[in-house]
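What follows is a group of structures, each given as structure tokens.
One chain, chain A, appears in both complexes that follow, with chain B as partner in the first and chain C in the second.
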Partner chain A sequence: MSKRQYQRSIPLFITSIIGVIAIVDYLFNLPVLPQVEKSVSQWVLVISAFAATLGATSLVLFHLNHVRKRTVNQWYYSILTIVGLLIYLAVGLPYGPASTIFLNFYNAGAAPIEATMLGLGAFYGISAVYRAFRGRSTGAIILLLCGAIVWIYQAPIGAVIPGVTPSALWILNVWTTAGMRAVLIGVALGTIVLGMRTLLGLESGYITRQGGEE
Partner chain B sequence: MSIIRTGMINVTVVLALCAFAVFYLYRKAATGLNISIRKLAALEAIPDAIGRSTEMGKKVYFSSGDAAYLSGPNAPMTLASLSVLRYVAETCAKYRAKLNVVIGGAGTSAELIPITEDIVREAYQTEGRYEDYTPEMVRFISPSQQTFVGMLVQEWAEESPGAVMLIGAWAGAAITLVERVAREGAIGIGGTPRSSQLMKMVAGMDYCLIAEELYAAGAVMSGDNQLKGSIFVQDIGKYVGAALLILGSIALSLGSKIIITLLTS
Partner chain C sequence: MGKEHKKWWQIIGDIKTPYVYLILMILFIYPFFRPLNFPIVISQPAQDYYNTIESVPKGGVILMHIGYSIGQMGDQVSTSVSTVKLLLDRAKQDNIKIIFLSFQSDGIPSLWYILDECGYPDSGHFTGLQYGVNYVVLPFIPGGEVAMASFCKDIWATCPVDYNNTPIANIPMMQNIKSIADCNLLIQSTGSFDTELMLIRQFWGAYKLPMLTCEGAGAESQERGYYPYQIKGFLAGPNYGAQFEKLTGVPGLGVSYADVLSVLTIMTMALIVLGNISFFMEKRQKGVNEKR
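On to the complex of A and B.
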């Protein structure tokens, strides 16, 4: 077997074995499997910890590159990012992420900034609704009407306008639920088939392609 | 104590049947069964979007999502998006487009970095454009969802992208990014099986892989007839599901709960 074939076969084999262990433990009462599955879950946590370190390193190198090149409109934000990372590292490492001082830093710094960005999403949502609700065709007009009814229902005034609440509930409980369930069934089937393809070693889009001899 | 866990008999039977069906159709396709799959508009649009970006000298962005994990319920979506990424990277290499793959938004999304780098590097090697590949093509932004959104919004506001592909496991970042893509006038190609975000993608993006189309995308793009055979299992499952729905409705109307008992035992 060539190096290329090893590069392809070993990851497929590991994926299949770990996946089969997880599924068999989920479905069957076999004595030794819960311990094996627990060990595998702990390995996943360890890999995630290494991945977090890799992510932080990648982030720092990316921003250091911008600082070095003095990228226009970027390099000062990169300095800010690196300084922020170092501050949280300096506080988190000795005191721990659950300590009062670290939580104070987080609540004073990162949390309000994240909340601000989350608030921005509301305006983007309204803009998206405005763009989507245009009656250019019959289907779009029906969408517009249904959306308007449900929108008014969600507002306090919807309880006062006659006919809005039963109409909105009918749209939500019958049509929307039916559509969403159909999507969920399709997604579930797709997930199962992709999972089976991965466990049987047939799906290899995530690893190196079969290249034959080098 | 039985070998099969309580309440798992029907699940075991369904999974066993699916595994058998996938394997059977995979082998059957190898011996001549020709499977044709309808064209997926979103996949057909990828080369056009990348070509347009190259002509305009603009960047192409790809992201697997702000809920892209390699473990847990989002793992299949993430794996499927990596298959699409391979195709996107190969097309970018062919057209010499500037590709940016951005990772972030999920707590453990950093684990995607080595796999993504490998896929992009190999794609450029396959197309004979290894000299165009740079490690900076794959970037980890942040495990925080809002930082991920903020960074991309700022970047796209400063240098409008030509094409943006948001394909994979998406959570709350979808609405902001989809709308930003539309405002920048970039070609937006989306796709997620997550029903809570799917409607936002369909409403805002120019093209969208709807629900299970993402799972079929990898097989479709590979051109492998055997992999297409496994997609047929999804359709068979839907026919069986529809039949059970109709039979169950008729049985319940006649006062019998046999189908419900069969499915919930």
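On to the complex of A and C.
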């Protein structure tokens, strides 16, 4: 077996074994499996922590690169990003994320920024709706009418306007429910297929390197 | 050469953006000074949501999951705060145990904001309640769906300490709560459909634990797919928050936001109508010009 075959086969083998253990533990009540499954779950938590660290490191390196190159219209935002990350690390690591000092930093810094961004979205959204929602075709008119009825229903004033509540409930209970359940069933089937392919080693996207090399 | 005069339907279809923003700001602020008091009609999902919480037996255990970020609070905080207030009142009257938790890192600051709104640690709705006896706050539980599966099987092993690093084994109310089999209800407020799907798969799919959701207004179509089977009731947005506050008799942010929601909805519908009038008049004018 070549080195490349080992590099592909071993991860596929590990994935299949862990997947089979999880399925067997779910379906059967064998005495030794719960302990194994619990250990595997703890490994996943450790790996998640490493993944988060890797993500943060990648972010810092990406922005340091911009600062080093003085990328036009970018490098000063990169400095802000790195400084913000370091401040929250400096406070969060010694005191913990549930500490008063960390929550004060979060509530004074990140929270207003995030709330402002999403609050501005309301203005952009309504302006975009005004300029873009046009009945250009029959389908667009139907979509527009259904959207308007449900939108009015979701505000208290919808209860006052005659005909809105029964129309909206009909749209939601019949069309929306049916459509949503069709989507969810599709998602579930897709998940099952992807899971089976991963367990059987047919899905190897997670072990390819950048550029598609294996 | 003079300026070409715009027709009336061209003007209404092209109102400058700053004027639109100005009108929106005025309409947004006005109801806070002069409440409009539109009637609040209780919907079936909100009623079912309330009934399910009230049907948890005395001494029962309720899990309250908060996962949305501070930025999403405008849409979801009214439903979450009114829910937590009802849970705390039930804890006082019927000895309900509440476990506050989050599988999403963004949810922890929101969770503490909600608890502060309810009077944490010993005022408001927390008066008379004792930490560790009536309620407990768990730290962020990382690991996504794997952590949820592990939590359902063994709460102590997945989360060995509370938010204050106190061992779970030393917390009185947790002595009889070892796994999901010891819990009666999960109320989730995730702000993310992916996380909601994970919770449904792990908590309802594997253990049939009854679930309620309190999300933003845009989530109603998602909840309809699972209501009323996996999800026994739901609150979606400030309107439902106002309905729930009417049911509990404790007015709060939902009632405040309800008027603003109504006014902005009317404004948006008016803009859509104006835009479409302009569009169809433009189309008609083009047809007339082509015939000439």
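Basically, the second predicted complex is superposed on the first by the 193 of 214 C-alpha atoms of A that agree within 3 Å, B and C clash if a C-alpha of one lies under 4 Å from a C-alpha of the other, contacts with A are read in each partner's own complex, and residues count from 1 in each chain.
Convention: a residue touches a chain if its C-beta (ideal position, glycine included) is under 8 Å from a C-beta of that chain, and two chains touch if they have at least 3 such contacts.
Because the structure is predicted, anything quoted here is derived from the model rather than measured.
*Asks:* Return first, second, both or neither, reflecting whether A:F62 touches chain B, chain C, both chains, or no partner chain.
*Replies:* first
*Asks:* A:M180 contacts which: chain B (first), chain C (second), both, neither?
*Replies:* A:M180: touches chain B and chain C.
*Asks:* Go through the superposed model and pick first if A:V44 touches only chain B, second if only chain C, both, or neither.
*Replies:* In the superposed model, A:V44 contacts both chain B and chain C.
*Asks:* Check whether A:Y206 is in contact with chain B, with chain C, with both or with neither, and answer first, second, both or neither.
*Replies:* first
*Asks:* Looking at A:N73 after the superposition, I want to know if it touches chain B, chain C, both of them or none. Which is it: first, second, both, neither?
*Replies:* A:N73 contacts chain B only, not chain C.
*Asks:* Of the two partner chains, chain B (first) and chain C (second), which one does A:M117 touch, if any: first, second, both, or neither?
*Replies:* both
*Asks:* According to the stated criteria, A:Y88 is in contact with first (chain B), second (chain C), both, or neither; which is it?
*Replies:* neither
*Asks:* Quick one: classify A:G195 as touching chain B (first), chain C (second), both or neither.
*Replies:* first
*Asks:* Mind working out whether A:P34 is in touch with chain B, chain C, both or neither, as first, second, both or neither?
*Replies:* A:P34 contacts chain C only, not chain B.
*Asks:* Using the superposition described at the top, list the residues of chain A that contact chain B and also contact chain C.
*Replies:* Residues 26, 44, 48, 52, 110, 114, 117-118, 127, 129, 131, 180, 183-184, 187, which sit in both footprints.
*Asks:* Chain C touches which residues of chain A in the complex?
*Replies:* These residues of chain A touch chain C: 26, 34, 38, 41-42, 44-45, 48-49, 52, 96-98, 103, 106-107, 110-111, 114-115, 117-119, 122-123, 126-127, 129-131, 133-136, 144, 148, 151-152, 154-160, 165, 172-173, 176-177, 180-181, 183-184, 187.
*Asks:* Would you mind writing out the residues of chain B in touch with chain A in their complex?
*Replies:* 1-5, 8, 11-12, 14-15, 18-19, 22-23, 26, 71, 76, 79-80, 82-83, 86, 108-111, 113-115, 118-119, 122, 126, 136, 139-147, 149-150, 153, 158, 172, 175-176, 178-180, 182-183, 193, 195, 198, 200, 203-204, 210-212, 214-216, 218-219, 222, 226-227, 230-231, 233-234, 237-238, 241
*Asks:* Which part of chain A faces chain B closely enough to touch in the complex?
*Replies:* 23, 26-30, 44, 47-48, 51-52, 54-56, 58-59, 62, 65, 73, 110, 113-114, 117-118, 120-121, 124-125, 127-129, 131-132, 180, 183-187, 189-200, 202-203, 205-209
*Asks:* Chain A touches which residues of chain C in the complex?
*Replies:* Its residues touching chain A are 15, 17, 20-21, 24, 38-41, 69-74, 105, 108-109, 112-113, 137, 139-140, 142-144, 146-147, 149-150, 153-154, 157-158, 163-165, 197, 206, 217, 220-222, 224-226, 236-237, 239, 242, 258-259, 261-262, 264-269, 271-272, 274-276, 279-280.
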